[in-house]
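Paired with chain B in one complex and with chain C in the other, chain A is shared by the two complexes that follow.
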Partner chain A sequence: MTAYLAIAGARLRALLQYRAAAAAGIVTHIFWGLIRMMIFEAFYRSSAAAQPMSYPEVVTYIWLGQATLALTLGSADMDVRAMVRTGTVAYEMVRPMDVYWTWFSRTIAARLAPMALQVVPVLLIGAMFGLGPPPTVASAAAWAAGTAGALLVTTALWTLASISLLWTISGEGVARLIPTLGYCFCGMLIPIPLMPPWAQPIVTALPFWTVMDAPFRLYLGHIPPEGAGIILLHQLAWTVGLVLFGRWLLGRAFGRLVVQGG
Partner chain B sequence: MPQIAAENLRKTFHVAEREAGMVGAVRGLVRRRSREVRALDGVSFSLEAGELVGYIGPNGAGKSTTIKILSGILVPDSGDCRVLDRVPWKDRVPHVARIGVVFGQRTQLWWDLPVIESFQLLRDIYRVSEKAYQAAFEELAALLELRPFLDVPVRQLSLGQRMRCDLAAALLHAPPILFLDEPTIGLDAVSKLTVREFVRRLNRERGVTVILTTHDMDDIEALCTRVIVIGDGHILSDGSLEALRARVTRERWLIVDLTEDAVEVHDPDAEVIRREGPQVCLAFDPTRVAPAELIGRIAARYPVRDLFVQNPPIEEIIARLYRENGR
Partner chain C sequence: MSVEPLRLYFRYAGLSLRSQLEYPASFWMLAVSHFITCGIEFVGVVALFDRFGGLRGWTLPQACLFYGIVHVAFALAEAVGRGFDVFPNLLRSGDFDRLLLRPRSTALQVAAQECQLMRVGRFAQGLGVLLWGASRVGVEWSLPNAALILLAVLGGACLFYGLFVLQATLAFWTIESLEVMNTMTYGGTETGQYPLTVYRPWFRRFFTFVVPLACMNYLPVNAVLGRLDPFGMPVLVQWAAPLAGVVFLVAALQCWKLGVRHYRSTGS
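Showing the complex of A and B:
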């Protein structure tokens, strides 16, 4: 366990030193937050029908999304990509550690570091543009718990993306698919409550739902704090499933590993 | 019982191929072609504890594949292998805790962390106690002269500095076995000597078993008591350097420096194999003509400034061995 924590800690320290990347991330997220606000304002002004979410709720939802976006979206672990391309991945196998959990530890850090740098500034700016507080302390706690669960799900997903790099070499393909799917189904494109009713059961069964939409609605009180339990179970089930699948896939990958040259 | 035993290892890779150019690229979309490359075709050897073995062969001969199988990274198609009584790829985690590996062309250090932090990470990964770590670290830092750049991120190290750090990184957990895959590749002369001297001391003083692959025959001559030569997935020769020499050729070389450029050198018992300006290299068989007799004859007949006898360099021996085996 110490070894895996050490890996995650080292990765975190390494990633936190990239200040320019953090600043760029903050500016981008604020810019897109404002754009999305404008789109939804136009949408709400032009529609007379009652919507499942009020406009102030949508604004809060948008800013929460911008602040924690880095948790879910982004790109696959650049280091794993480089390791696979250069063959340094061989060194992963000469360490007395389970390779899956090593990569899982790296991925947790890779997910956490950019968000840790962005979350506070983006929320502060969001508060100036209509980000509202949660209705109760319980809702805030439920949001925090849901976000922690989201970290596990997203880490399991992105670890899978790293493993897929062992097949595609170029580091694209499957690893590109995850953010695209995630973007559509996590509520970043449109909040899930605004989706057609027939689509909602499908979308809420997917792992992407639990990484953004579910925690945000816990924050809004849209899902009452008592609902947090079922969401955490949902997250846990997906995490376990994705971990088992990832381990199986990695086992197969290393069975057919070719480390070329040198 | 041997510490490392490989028995009849075989490994085949499939290499994708396509014809060059646009037509080939399009054809490759429809029909994939692949060629089988036999990296190892029945390789067997065994090592006792404390040996320092040079494992040499041309590019693509199967050296690295063997090292990767021994370190548990690759699974062979067939054959048996035991290192410290474990099958590397089956008991990977306990196996790798007892070996150290350095791939000269790659680094196992964390690219964006200072060297010292990489070492501390490895301490945690190998579960080395703080006391044992401190002792190992102090010793390695002194022997390899790491102190000046311990706080520098790995990406800013020179190749020679990085290689010394990589050697230390592979030894912090005090493994009894060390695999070195081209540890001197690309190094300058001074760094090469440091690495060589370090490996020698490690083997002589601490009894660490070392398998060393290299293209640098000076490494082999300076370090190895035993040499395994591999070519095309087969072991061509296994034994001491002297035995390898004796097997390939009994020939010795007489190097003569003449005072004049233009003189042609001839002798019934020796053959001129090279001539560079005033220096002539004669090959002779010491069982046919005594070196002293040949030297006397040459010195009497030609304007000699200096001369000396040497064994053919090991490169020459190895090259002949490859040629004999159809390469």
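Showing the complex of A and C:
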């Protein structure tokens, strides 16, 4: 356990050095937030019908999304890609550590570092452009807890993306689909409450839902703070499921691994 | 202008395409995932129109014209402009020096490094949306109208290409890729999916006068739909607008030349 914590810690410290990239990310996320805000403003002005979410709620939702976007978006582990390409992935197998948990530790750092650098500046700017406060302190705490749970789910998902790289030489097709599915089903494309009613039960059953939409709804108070326990259970269940699947997949991948070259 | 540079370009591009098709499974997976990635954007647009009924007087098929033009244009620029996208790597490794030694234009050589076939995914879905929208907007597709849309797509491709060139040019000074430019390239496609009138004035001005996105998309579509422009642009301007993309590209290539002159080798 300490070994894996050390890997995650070392990766985190290394990744926190990329401040210029984080600054670029902040500018991009804010720009996107503004575009999306304006589009939703135009849509809300076009219809007088009551919507499941008010416009100020949508704005808050958008800014929370931009602030924690690094949880969902990004690319698969570049080092794993390089290892698969060069064949050095074989070294991973001889280390006296479990490969799955090693990669999981690396991934958790890769998900956490950009978000840690971006979340505060984006929220501060967002507050200038309509990000509202949560209704109660309990809601804010529930959001924070939900975001921590989201980190576990998204790490398990992204570790799967790394494992999928073992199957294809350029290794991108499947790995690229994970952020896409995430983007669509976590509420970034359009907030889940605004999706057609028939789609909502399907979306809320998926793991992506627990990464963004669920914590945001805790923040907004759509889900009362007492509901946080159920959300956390949901997140934990998905994490366990995805970890078991990932381990099985990795076992199969290493069973058929052929290392080329001399 | 002789055709020789073009022949050379197609030769380079052909090589790149053939190398990508060496791994057909990988290529198809990339193209399909690209198609899905872009297609999901469109699902979002449809879902919003479905919920709100319309967008400030615009219908879904009309919005499809905007969406289609901008995505097809971007896919074209992306497929042939990928070389500029990866240019900072070339710069950092010092490999750009080799290009300087060859008796051909540097812009051509950088552009021709890679031609990304997987972009066919975005192209296909953009074209599909454009054609669907065109069949539903209730416009008679006379030759001038169709030609204007084609011109808008080409002008848009030039505009995005110009942005890629500018992004690469900045790397001469920064030696790293400027992610901030993504707000104009990817941000431009995101913005261009909707009629520009839905945005706030400062934002509209930016995407009209600084990055002339409005010229490839909002103005020509207005002309085709026969809509009166709220800002009172004369019809002639609406028709000539896509040329702004070409002007933008030419200007960007001039900046590139400036960058090359500024370049001092970086490699070891």
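Quick notes
The rule is short, and it goes like this: the second predicted complex is superposed on the first by the 262 of 262 C-alpha atoms of A that agree within 3 Å, B and C clash if a C-alpha of one lies under 4 Å from a C-alpha of the other, contacts with A are read in each partner's own complex, and residues count from 1 in each chain.
In this section, a contact is a pair of C-beta atoms (placed from the backbone, for glycine too) under 8 Å apart; a residue touches a chain by one contact, two chains touch by 3 or more.
For clarity, every value in this text was computed on a predicted model and none was experimentally measured.
Contacts of A:Y55 after superposition: neither chain B nor chain C is touched. Of the two partner chains, chain B is the only one touched by A:A10; chain C is not. Residue contacts after overlaying the shared chain place A:R176 against chain C, while chain B stays out of touching range.
The larger set of touched chain A residues comes from C, when the choice is between chain B and chain C. In the overlay built on the shared chain, the residue A:W101 is in contact with neither chain B nor chain C.
In the superposition on chain A, A:T28 makes contact with chain C only, while chain B stays out of contact range. By the touch criterion stated above, chain A contacts chain B in their complex at residues 2-3, 5-7, 10, 13-14, 17, 79, 86-88, 90-91, 93-98, 255, 257-259, 261-262. Across the interface of their complex, chain A is touched by residues 13, 64, 68, 71-75, 92-94, 96-97, 99, 101, 103-108, 110-113, 117, 120-121, 124-127, 181-182 of chain B. Residues 20-21, 24-25, 27-28, 31-32, 34-35, 38-39, 41-47, 49, 51, 168-170, 172-174, 176-177, 180, 183-184, 189-190, 194-196 of chain A are the ones that touch chain C when the two sit in their complex.
Residues 23, 25-26, 28-30, 32-34, 36-37, 40-41, 43-44, 47-48, 50-57, 176, 178-180, 182-183, 187, 190-191, 194, 198-200, 203 of chain C are the ones touching chain A in the complex.
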